[in-house]
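Here's the structure we're looking at; comments come further down.
Residue numbering begins at 1 within each chain, and the chains themselves are lettered A, B, C and D in the order written.
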Amino acid sequence: MNQDLLAALVPALPLMGAIILASLRRKLSTNAAGGLATALMAGAFVCSILLFMGFDATTGGRTVKLLDWIHVGSMEIPLALRIDALSLTMMLIVTGIGSLIHLYSIGYMHEDERAPTFFAQLNLFSFAMLMLVMGSNFLITFIGWEGVGLCSYLLIGFWYKTPEYNYAARKAFVMNRIGDVGMVLAMVLLFQRFGTLEYATIMDAATGFNDPMMIAATLFLFIGATGKSAQIPLFTWLPDAMAGPTPVSALIHAATMVTAGIFLTVRSSVLFELAPFTQDIILWIGTATALIAASIGLFQNDIKKVLAYSTVSQLGYMFVALGLGSYSAAMFHVTTHAFFKALLFLGAGSVIHALGGEQDIRKMGGLKGHIKITFLTFFIGTIAISGLPLMSGFFSKDLIMAFAFDRSPVLFALLLIGALMTTFYMFRLLFLVFYGKYRGNAHPHESPLSMTLPLMVLAVLSVVGGLLNLPHLFGGHEAMKHFLMSAADGISNESLELSHVTEWTLMGITTALVAVMIYIAYGRFAQKATLEGNEADMPFFKRLIAQRWRVDELYRALFEKPYAWLSTNLFSIAEQKVMVPIMNGVGAAANSLGDGFRRLQTGYVSFHMLAMLAGLILFLVITLMSN
Amino acid sequence: MLALFYILAALSVVSALIVVSARNPINSVIALVVCFLSIAGHYILLNAQFLAMVHVIVYTGAIMVLFLFVIMLLNLNTATEPMKSLGMRVAAVTGGGLLFITLAAAIRHGVTISATNDFDPGVGLVKTVGHVLFTEFLLPFEVSSVLFLSAIVGVVMLAKKETPSPHPLSDGEGLTPAELERRR
Amino acid sequence: MEEGIITAIRIVPLEHYILLSFLLFSIGAAGVVFRRNTIIILMCLELMFNSVNLLLTAFSAHHSDPRAQVFVFFIMLVAAAEVTVGLSILVMMKRNVDSVDVNQLNRLKG
Amino acid sequence: MIAALLLLIPFLTALLLVTMRPTQARPIALVASLASLAVVLFAWISYTGGTVIHYDYDWVNAWGLRFVVGYDGVGLLMVILTAVVFPFIIGAGYGQPEDRPALFNGLLLFTQSFLYLVFLAQNALLFYIGYELTLIPVFFLLLFWGGADRRAITVRFFIYTLVGGLSLLFGIVYLLIQSGGNGDFTALANLSIPTSTQLWLFWALFLAFAIKLPIFPFHSWQPETYYMAPIQGTMVLGAVMLKMGLYGVYKLVFPIVPAGVEHWQTTVIVLALIGAVYGGVIAFRQSDFKRLVAFSSLSHVGVLCAGLFAWNTYGISGSFYQAFAHAILVLGMLYLVGAMQERTGTTDMGAMGGLKGHAPRLAALFLLVLVNAVALPLTQSFVGEWLMFAGLWQVNGWLTLFALTTIVIGAIYMLYAYQRVMLGPDRANVTLQDAGMRDHLYLVPLIAVTLILGVYPGPILELVDAPVQQLLSSLSVH
């Protein structure tokens, strides 16, 4: 089949689905709507696979121009798609995991009467995400970039009757928008510099440029990335975004949308390579995010919030990798993270489904006997994210840690602490949910096949995902890295100069400490019948962490309240007390002028005659004078 | 000749002053008649025979009689007119004086006048003026009859007795503004 | 006699006529402001008309152009029409306000 | 022929409506506006570029007033805009008054006719005449059918706008004296005015447009007027009247006082952006839906004006493109205001909320309009905003950053408004009519225009591109 047509079909199929479902949302049943949406996503997945099969990495990639979009003066921005290793990787993730989550949603959303709308929005999201990864220039990516933001807003606020959910949705959108400001700035700057926004052209032309503008451009891009990928300081929206249905959390807020920032950085790796200063900033922001989010995760009691902070933390790891210049490691972690985090979220969704909507882990426990498939798959997800040997997370995270050690042992130590915290909170979650005695009062029941099937597939992927980029150490040859190299030039600059002994030692230390953490977690949480949960009893520092470092409160005090104050007072003071009176002054001036002239109209004939005489005399005098 | 001019000029200025200053309207009218007659004298001096005739007939003969009629009709022949405020009177004299000074200054300094046509003493004869009037100005002449027609219609309209209706200037109690002012 | 007239046109300078008519005009204008009796104000208007007529005639004679005299003729027509209308307004006024004082007519006051 | 049809169809229909007062006034007006739309579409199809002059008659030559009508690409765009907007204004089912509907629609058509005159005029005085003429029917629209306090607000609006018009007239008269009494735009553009003169002449000309647009700090008439006016009146003001300001700048200010523009460029951009931020921030806490639309319009127009004064191809093209988008947006938002007002009996958002459960289709339509308001890609607004930002960047990076804050601010107030109107728990004891046939008939075409021109902006951009480039290249200073 024609490759161009296939490429166009990949985003077109979900878009079609979105349009059809949105217009027929009142007439379709959940199953029909879900079936259609899933089928279209699967179709897109098949197309992606076909594209992948027909793709020749040595050619570097192809651009499929669909339409002239914006053409003004010397600005030519076509609506074009780019098929290369990087976009193919992301397409496979998006459509593959997307199909599974669509399938899962059929079961999950079965009770909801607005399920067709849900599927329409999910399909629209997939379209936007595919535009994001397939765009051949920054502006097309930006279509997807904003599009996923919109869909994220819609899906977080899907249950619109709860005001908090709406607030969370707005927060997500606005924070993303703040990031978008950076993205637009980067785009106008790059356009000014290169006269085009095509990735291929810019990346070719960029080599050799090394100036403050490049640092500015990459910093702006990174600001965009922090918004979408929930990095400090724009990370607080992601935990709140858990207000959406769980499949949404899995697809948007774990597997795909939040990795857009990483994708964008890898896409423009050439630029980032030219701006070491930006790379350092990315590195430290990534590290800080990884640690802070992980620390918050230790104390969360909402099953989805734990996973959300875990996601933020893992995204931090990916940015660390980007900061270190190891783009392949970042993409590798994106891929494996997509597998196991989607798995964990879907597992959590299955738990919530089993308990009829309960999300508080203090009211769970002992579920492993009731929902076996969910337990098994969730267990696999947990050990994968914790990085137990030979799991997918093990390879990807260790690759990042190895790069970090190469840079600085301190960085390695920090990341290790983060990894240990990850292990701890994930196993805490696992033990509290599935071990011990059931503390709630619902009747747990296993989810239908449409939900468990994706779990099983993802579990398998979480286990074997590491094979995609098996390092030399284990007899592989870093397949993914080599595949991606044709698309992202930055990858060719990567170098890891650690001896095998060092690598083995690092792995050993990590694994040993992880095992210790699991043991501690088991001891503390596995057999709990009740749970201490009162924040007031905690020591100050612990309480601070449990209250998420009070970042939300800080932002509220720093931005939201002053903004509302400003809005109210600009209107009541600046507008009504200053601007309006000034305008009224013009009217008043006209009025009093008229009033003054009115007085001249005395109505007495003699006065008018006199005025006429005076005018005549004045006129004559002026005429005489001027002569 | 010059002396004749000066006499006529003095006569017209003095009678004009009397027009303005006389307390009794009848005296004003008489003074105005004298003034007009002296102006007719000026016309004769200028050899504008046609104008002199018309002037005496129209102004002195018709218009002034009309004035007299009205004064008689309205019984205005007594000096009942209240004087204006002192300021207004001073302003009137100053204004008139200034106007004259300015105009005089204008021709003293500004304008030099030289005749444009060859001298022809006969321009004011009935023959000459009549010729121009009935050739070049025939249409305006005919149209002026329309003016008179409309003046007649207007006068009839104005002078007709109205059906009694509440007067726009009165306060509703049947008092005219004049009475109102008197009461104030 | 004719010879005498011809010299009169020549002897009396144009400036004299101009000044005379200015003087008459100024007196008329001052009179309009000076008096409150509407009928006298009308007379002052006539005076001003005539000063203008005189000036026109003087120029006509000076320039030997009969058209100005035709113009004076038209002015007389208009003046006649004006006076009839003006006087009838006066009659109206007397009838309605029982006065010929212009200060009674101050409805134009803003 | 086209120009005559454009000017006469609405004018004669309006005369008919005002004098005959037929009972079926609105359908007649609608047909007339659709007919004029058809004429415009024909003109668009047959337009091949350059400046087309339809009529060139002497009128009052001594004053430099000649009846020269025609259009270049930008003028044609504005004509298209007017033609597209008016069927929607007349067709808007909400806010049509019960009393004197014939007069109401007649006045609307008069406005349309005068607007055509403004956009077609190729002579400065003719432009000015049209510019001020449009005020008259609008004045009566506001005065007869406005809301509370209409008399004071209308008079204020009128005087304030007239002050601007006076300054414009002064500028034009000065130009006429300079050009020896030739008021054609082409002649005026060829004047070489000394730079020191241009510095003040710029403000004489621009003040009128600054008030009309309006930009900060000349905007105070706008929120109250928008709030008070009948919905159709606000539509006229917001969708087309303010575009006269934009067009005026393009036609009268840019070519004639380029040195003045160069000198004041940054000042105007800063003022416009202050207004954009100011309006956006205020909009956030407005409790009244219609006032919110007014302030949001202020915000959008600020960016529009800043883009225009970026004074390069991208900025100007973007600005005119955005002008189109903004018109469509204003129509949509105000229609929704009307729809909500009819359903809830108020425009106060405090009294709304929880309506999505009752009227899901209306909520969906609202959302689609909103998507354009926050300039999401693949909507019309995005193309315009992107071009304006790209243009602004070439002027000053910091200003671009400042301008970009509006996309965040816009999202904040728009989403908050959507939430307050639509979202939240279902209202008890409320029966609300969902969007019906007429709402779909009205909003779906608007949304379709938005999306189609968002994906395929080519036809419109083509119109603007060539004349703008020609203008810029003809300015020696630039």
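By our rule, contacts are C-beta pairs under 8 Å (C-beta built on N, C-alpha and C of every residue); 3 or more make two chains touch, one makes a residue touch a chain.
The model shown is predicted, which means the values in this text are computed figures rather than measured ones.
Setting chain A aside and leaving every other chain in place, the chains that still touch form these groups: B, C | D.
Looking at B-C alongside A-B, one finds more C-beta pairs in contact between the chains of B-C. One simple way to say how far apart two chains are is to compare their mean CA positions; for chain B and chain C this gives 4 Å. Remark: chain A and chain C have CA centroids separated by 94 Å (rounded to whole angstrom). Chain C and chain D have Cα centroids separated by 60 Å. Contact with two or more other chains is made by no residue of chain D. Counting partner chains per residue, chain C has residues 29, 33-34, 36, 107 touching two or more of them. Each of the following residues of chain B touches two or more other chains: 84, 88, 91-92, 95-96, 99, 103. Chain pairs that touch, as defined above: A-B, A-C, A-D, B-C. Residues 606-607, 610, 613-614, 616-617, 620-621, 623-624, 627 of chain A touch chain B in their complex.
Those residues of chain C lying in contact with chain B across their complex are 2, 4-12, 14-20, 22-31, 33-37, 39-40, 42-44, 46-47, 50, 53-54, 57-67, 69-70, 72-74, 76-85, 87-92, 94, 96-101, 104, 107.
Contacts from chain D toward chain A in the complex involve residues 155-156, 159-160, 163, 217, 219-221, 223-224, 278, 281-286, 313-314, 317-318, 354, 356-357, 364, 367, 371, 376-378, 382-383, 386-387, 389-390, 392-394, 397, 400-401, 404-405, 407-408, 411-412, 415-416, 419, 422-426, 455-458, 461-462, 464-465, 469. Residues 22, 67-75, 79, 139, 142-143, 145-147, 150, 153-154, 157, 160-163, 166-167, 169-170, 173-174, 177-178, 180-181, 184-185, 188-189, 191-192, 563-564, 566-568, 570-571, 574-575, 579-580, 582-584, 586-587, 590 of chain A touch chain D in their complex.
For chain B in complex with chain C, the touching residues are 1-2, 4-5, 9, 12-13, 16-17, 19-20, 25, 28-29, 32, 35-36, 39, 42-48, 50-51, 54-55, 58-59, 62-63, 66-67, 70-71, 73-74, 76, 81-84, 88-89, 91-93, 95-97, 99-100, 103-104, 107, 113, 115-121, 123-124, 128-129, 131-133, 136-137, 140-141, 144, 147-148, 151-152, 154-155, 158-159, 167, 169, 176-179, 181.
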